[in-house]
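Submitted below is the structure of interest, expressed as structure tokens.
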Amino acid sequence: MKKCCLFVLFVFCASVAMAQDASQLIKKVKAKLELVDNYEATGVMKTDIAFIKAPIGKIKIYFKKPNLFKIKKEGGISLLPKGGLSVNLSSLIASSNYSTIDAGIQDLGSKKLRVVKLLPNEESSDVVISTLYINEKESLIEKAVTTTKENGTYTMLMRYGAFSNYGLPDQVVFEFNTKNYKLPKGITLEFEDDSKPLTAAQQLKNKKGRVEINYKNYVVNKGIPAAIFN
Amino acid sequence: MYSLVQVELYKIFKRPRTYIAFGAVAALIGIIQFGLKLDGKSYLDFMLNDLSSSLEIDGKILNGYLVCYVMLQLLLVHVPLLIALIAADMISGEANMGTLRLLLIKPYSRTTLLLAKFIAATIYTLLLLVWLAILALFGSMLLFGTDDMFLLKTSYVVLLKESDVFWRYIGAFGFAALAMTTVASLGFFLSVFAENSIGPIVATMSVIVFFTILSTLNIPIFNLIKPYLFTTHMIGWKEFFDIKVNDSNEAIIGSIQNPDKIIKAAVVLFIHTIGFFVATVLVFRKKDILS
Amino acid sequence: MSSVIQVRGLTKKFGQQFTAVNDLSFSVHKGDVYGFLGQNGAGKSTTIRMLLSLIEPTAGEIEIFGLPLAANRSAIMQKVGAVIEKPAMYEYLTAYQNLKIFSALSGVSKTKTKLLQELGVVGLAARAQDNVGTFSQGMKQRLAIAMAMVNDPELILLDEPTNGLDPQGIADIRNLILNLSREQGKTVLVSSHLLSEIEQVATRLIIIDKGCKLVEGDSKELFDTSKTVVAIQTLDNKKATELLLQSNWAGQLLVNRSSDKEIFMQLDEKHLPSLHKSLVEMGIGVLSVKPMHSLEDYFLQITSTPKYV
């Protein structure tokens, strides 16, 4: 019995210690991200949603602490998954009002990454849970899976390059669930059924949307007028 | 021949009736533009209702290019009625006035006269479309500006880059010109049979309305005959606004999803036009002019 | 004399039942004013429309200017002008615009001055720029004639040109026809259902009924006074007829046509005084003796009792 209690205690202590490790890690990641007060970048956005036919678009990305984020397509129309807020990492961990749970180490490709789950403490938060896959050595988030109340679950995959010091990715791939899209013909005034019959694989793919942003030319901490975010 | 066409055009454009169509097109376009300018947002919200639950759509969606598309969608179904007003009157109207017999005792063959009349009706049709293009496309471009074109189709949406739109309109108007010429040829054909204008005008309109309804209805038994109705092919201009995607679902700028569909529709319409005209000539050459 | 129009065995059937023109043959000579007579529905318009290739004949041949019509339509039509039934024109255009259109269609380019001058000839100079829709029937008819003349045709076909015109209008048309024929040497074919109009202008004429030719010939011959029909009314026609049958005049009596109301006789006009005298001598109470030397009577006779020539 004692042994058992000890074991429980040990496990508990250990998990607390690990949790502390996890929050330390988050803090480190956050500290790195906080080096960036604001940035401006150009990039290329690729939208891959089964029911959307869109060309690759040149975009400009603006960020300002704490959570101002804007993607602008130069003179065009941009399609972003609902909750575009989440495309930026800092906003994920901007507040400190969450609990962290260490979920061990997982492989992502050839890398071994620390998995940390963030649970917001506020009931009202839209985010239910975020799972971060963190490269401990570099203090960089390589993958994040976030489940929200309103907009389902989405996954972000990051690839880093020249701006890894600031925790700024070169590429973000954003995957999310989409609902089926169908408009009545009465509205579109189409006579012929132009929807191609979908194969099973396509049906499956249909459910997943993917937005890929490749960043170029980061300009960090040079100041951005607030008006851009309006 | 040239002077015959000239005379036919002179007659068309001296008639008050001719300008009804131009006036109607201007009024319709004006009203739609006014409405969209005033309350385009609620129209957009309605259209985007389904999409905006999962996507954030940012940018000037309601720009001139989209407005023009919306108007073409609405108008190109009804412009045939305006074309019928003139085309179906080309022969029957003359029969009604009694001037047909005067034309036919001039030193031209009936075929030449019909050709001149048909060319004149086609020119009228084209001018109506040019007028439509000026107001709907250029007018909207001026009023609403230009931007990328965000198009909702029944089962997917298409985003066209601003620079990739204008040529599509040229194609679309070109196609519409062919489609409307087919309508003109139908009206022209029907106008051989009557000695008053109302009959063929109403008959042309009825055929178009009837066929269009058959084309629109999604009932399996009608689907079988759809490919044979020229009205089904009249909306082929929309194909210019559908873009191809590559394997990674990325739109290929400057491409058309189904160019073969456009070609097929154009061929069907062209054959109909020629068919109607030839039938007109065959009937008219043998016709006793009793009016 | 050369034939401007030569028609042989012309037939037009509408459907299986109705024969509008039946085996009609006639010829119009150069310089003729050719009267084309018949009641309404006799087949005049159908024939004229066949001459203009508006209606295709079921059978028969038409030659105009010595050329078969079907094969030489365009060449022939260049030298033909026509007014067919009620005048037709573009009512939303002015008189000048109408004339301009038909001038262009005839392949003649005329200056505005020239066209206005031609409108002046038909008395429309003052209304040249008014919409035809506002014109009276007579004005329209005059414009229609100007339109038919715009290509300076050699042959002019006028189908019922006096329909709907007032007496002055009718007189104008008559003078115009005479002018065209005598002054300008044109060949004119003019149809009418009223003999009175034709008899004053026609040099030759044809009378048709139910699509068939009744008579064709020179006006002079047809108006031959040696065969004048006389209508006699007496106090007692029955008795008078009996007396006449017994007299020398029996041969001139038209028994079949005579009735209780009127007695008809056919005789040379110069014998009328002696007929008059005989009637008095026979004690017949004469109310009237009416010589019907106009073709009108002849026209009425043969069109009401068909006997094909």
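Per-chain residue numbering starts at 1, and chain names A, B and C are given in the order in which the chains are listed.
Keep in mind that, in the parts below, contacts are C-beta pairs under 8 Å (C-beta built on N, C-alpha and C of every residue); 3 or more make two chains touch, one makes a residue touch a chain.
Every value quoted in this text rests on a predicted model; they were computed, and no experiment measured them.
> Chain touch graph shape: choose line, ring, star, complete or other and state it.
It is a line, because the chains touch in a row without closing up.
> Per-chain Cα mean versus the mean over all protein Cα atoms: which chain has them closest together?
B
> Out of A-B and B-C, which chain pair has the most contact pairs?
Top pair by contacting C-beta pairs is A-B.
> Would you mind pulling out the distance in Å between where the CA atoms of subunit A average out and where those of subunit C do?
Here the centre of subunit C sits 100 Å away from the centre of subunit A.
> From the C-alpha centre of subunit A to that of subunit B, how far is it in Å?
48
> If you average the Cα atoms of subunit B and of subunit C to get two centres, how far apart are those centres in Å?
So the centre of subunit B lies 52 Å away from the centre of subunit C.
> Contact residues on subunit B for subunit A in the complex?
My answer: residues 47, 50-61, 73-74, 77, 147-148, 150, 152-162, 164, 215-216, 218, 226, 231-232, 235, 238, 242-243, 245, 248-253, 257.
> So in the complex, the part of subunit B that touches subunit C is made up of which residues?
3-4, 6-7, 10-11, 14-16, 97-99, 101-109, 286, 288-290
> If we count contacts the way the header does, which residues on subunit C are in touch with subunit B in the complex?
14, 49, 52-56, 73-75, 77-78, 80, 82, 84-93, 97, 101-102, 104-107, 147
> Going by the contact rule at the top, pick out the subunit A residues touching subunit B in the complex.
These residues of subunit A touch subunit B: 46-57, 71, 73, 75-84, 151, 176-179, 181-185, 187-195, 209.
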